[in-house]
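Following are the structures in question.
Both complexes below contain chain A, partnered by chain B and then by chain C.
Coming up: the complex of A and B.
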């Protein structure tokens, strides 16, 4: 008999709660735009914050509300932007795909070190200790702050500097913001020729601290037929809009600091 | 009366802290304590639910289970009450106070599975508390939980930037800190007679 009472009580409780919840569901129903969930599906999903919103959910809500552009999610790329555009009924052009590049070649052995850093493994901390272990004030410290921040596992540390896998990089820009030395920049993916140094010291000082430093000699600028190179603040810079990726500058650079992306792999393969 | 309530509060928050002395609610305590802001949200959500759960579980127990003489059904009916309650509160908040709803966010539904809530309901019953005392016990115990989780979040934020041996990084050092905090809270034993 007691077992029946116990069972009946549970059944009644369940029914009552079920009824109340059903009623509450009707009563407190809130209209949610189903497009929010659909848009959310198309995003990168790393909550990286590159769009400027608190997270993927907030961005999705903003897109549906019309406050955010459909191509605002860099990790989702053109594919994601197209999908979101389809949901929202807008066409999207994400522009040229960008990629983060490390503009420093100061590997250990090439950039001189002034002391051995053995403290907490963070670039920001190391940079605060007498200007960091490397002699060059502009060099990549190679302790991996960017690697820790990267949500896409695109960065690895090798020989004391960061390397970015262009395939995995989504140009969310977290590493650019994190780097205490600002050696990571977002560049168009097609910009295969780049000056891999941002040392703005004078030629003598720059050369003294790193074998691969740009000394601002201007030979690349003279060689370039397209006016695509500017030498400012002691280093050369290539303008992506004018550059034709001919690679003539790389051939004359006395410091080997102009590199052609892809050329290295071709050499290694042959 | 006031003195008694104060003593009861100290007892719930410090001497019989839910996490450090009863070891209930350890899962959210370790899971949601990596940032101070999120831990505050979690603590507030728990306070909210534990207070209401104490009230409803007491009513169910004393108005249904005791008269029918089936008090052994308490655990399962409490679970039912808590789960339904959390669902209801979630719907209610979504409609009436979207700000609070988004502040509590994911933590509200998570509380369904927080053993501290079931723990407080069972404790109220075992100790034979009256209605008011049961509700106060729920609120104060949850405040103790809030205190513990916020303290822990503060400790963990400091741990983030300290130099920890590789083998102790992450979870091990968190558990060690939690243990040390529990030992520290043992110092409050005897504060309330």
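Coming up: the complex of A and C.
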């Protein structure tokens, strides 16, 4: 008999609570756009903040609310933008794929050392100690602040400077923000020819502090048939939309500070 | 008299009398080199702007760098002679600074001075302008412009002026020698400030490992209105301003506050002596006492002209006694390493400690064993080991919650740590980062406010971009300020 009362009591309790839950579910229902979760799935997921929102969730909500562009997530790239566009019913073009590049070749032995640094392993701290351990005030310090920030494991430190793996880089820009020397820039992936130096000091000073410094001599500019090189502030810069990646500039550079990533174009190779 | 102190703290190099032995009993002697390089950025805040050019002849005390705004002080020529060059030199912090190089002609001609006379009779309103005109900054190491310290916001009151003669840093004896040799000057400077601020109480705090200084200062303070001497226990960081205030008045400076929030102004003994020079003789700050010790043949207390090059100073002290590894500007606990021996002396350089190559090498850190010695050492009452965990993960939000911003970077925790963990450098890293971020946020907020509400959605996007560039700018600025 007792077991029956207990069973009945449990059943009644179950029904009562079930009823309360059902009522609460209907009464306090919050409309969630399921597209938010779908959009969230398509994002890079690094919470890098490159979109300007406070993380991936906030960006996904903003996309669905129509405040943010569907191609706003740089780490997700074209693939992600397409997927989000499909969900939102908009066509999206992520634009030219960008990649972070280290514009410095001042490896240890090439850039002159001002002093031996054995303090706290952070570029920001080292840069604050007598201008940093390298004589060049524009040089990559190579202590890895950017590497620590990179959520995609695309940066490694070698010979005292940072190297970025273009395959893994999603152009989220965290390293760009972190670098105390502003030596990392976001450039279009197609701009494979670049001047890897931003030393705006005079040629003599630049050369005195680094073997690979751009001295702004202008030989590359003379050599370039496409007017794709400008020499400003004491260093050369390549205009990506004019450059045909022929590689003529790199061949004449006396300081070897113009480098070519990947293969040359077919036209130039032939 | 009873000795007072603060809670916690450490006893660095206690077994060797805080390393002060070699220079403690050496009388200060003057050394003037034939060339000086005078940096324009010797104070926290805006650097001065050079107002002389190559080939100019300058007299001692002539203004060679004009102050730029309120948070800035003028720079004066410390020798007479010809300006050899005006160019940029590396600073102790980030980036380069402007500097004026003067070749000394040893004629020692002064510019015309405007003395204000006896400190007890001087017009109180004239004192602070005279301090600013004399280019006086805090001479204990932080180089905060003194006139800014003495000008506080409306509503804040000051009832005590504390003069810091603790000199708790290891190795340094510059303040000790100053107290012995120029005790009346220090009291004069203190009286000038007391009259300028209309404060009735002035206390000079001196650690009890300097009984001679206590005696000399007591003699000098006799018959001076409101001035008293307070012996303090020998403990590090007794000379930190928050610790001094706690020891002498029993008050605590609130988190994030300044000494004025505890109704106190703290001045270094060197600053007081410089104030006396400025008021009584009208002389600007052109020289200071500096202890040169460590791996040099003849350690000494030297009266140096501002801008004397380290190499010359070391030469005057008989050269290096072994291969130098590090040259520390300031004491061993809070000093900054100079990149080479071409660095000139600043207004705040109270010591040069040379470390031999072997003893200067940093050691690798080992894991925390949770012994709690850092907690027992921290004079502020922080939990250094916890903050270090957050700092290692670059988790600045947690570090801020653990009050890393209240850290005074005294190095007590790192000194005590048996695992040799890099506690203080990582806190400095956190503090720099948080300050830079706050600056960037403020800049972005200002930008948004000026963009107006009409294009609110547009400005959101712009704001974030501005923030990125501002972050860079403030990162560099933050470095330069140190």
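Heads up, the rule we're going with is that the second predicted complex is superposed on the first by the 240 of 270 C-alpha atoms of A that agree within 3 Å, B and C clash if a C-alpha of one lies under 4 Å from a C-alpha of the other, contacts with A are read in each partner's own complex, and residues count from 1 in each chain.
Everything that follows uses one rule, which is that contacts are C-beta pairs under 8 Å (C-beta built on N, C-alpha and C of every residue); 3 or more make two chains touch, one makes a residue touch a chain.
Quantities reported herein were computed from a predicted structural model and do not represent experimental measurements.
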item	value
Which superposed partner A:6 touches (first chain B, second chain C, both, neither)	first
Contacts of A:21 with chain B and chain C, given as first, second, both or neither	first
Between chain B and chain C, more extensive residue contact with chain A	C
Which of chain B and chain C A:208 touches, first, second, both or neither	neither
Touched partner set for A:132, first chain B, second chain C, both or neither	second
First, second, both or neither for A:119, with chain B first and chain C second	both
Contacts of A:52 with chain B and chain C, given as first, second, both or neither	second
On chain A, positions contacted by chain B and by chain C	119-120
Residue ranges of chain A touching chain C (in the complex, touch as defined)	52, 67, 114-115, 118-120, 122, 124-125, 127-132, 137, 148-149, 173, 176-177, 180, 182
Touching residues on chain A, where the partner in the complex is chain B	2, 5-6, 9-10, 13-14, 17, 20-21, 24-25, 27-30, 119-120
Interfacial residue positions of chain C with respect to chain A in the complex	90-96, 336-340, 343, 361-362, 394, 422, 425-426, 428-429, 432-433, 457, 460-461, 464-465, 468, 471-472, 475-476, 478-480, 482
Complex interface listing, chain B residues touching chain A	60, 64-65, 68-70, 73, 76-77, 80-81, 84, 87-88, 91-92, 94-96, 161-163
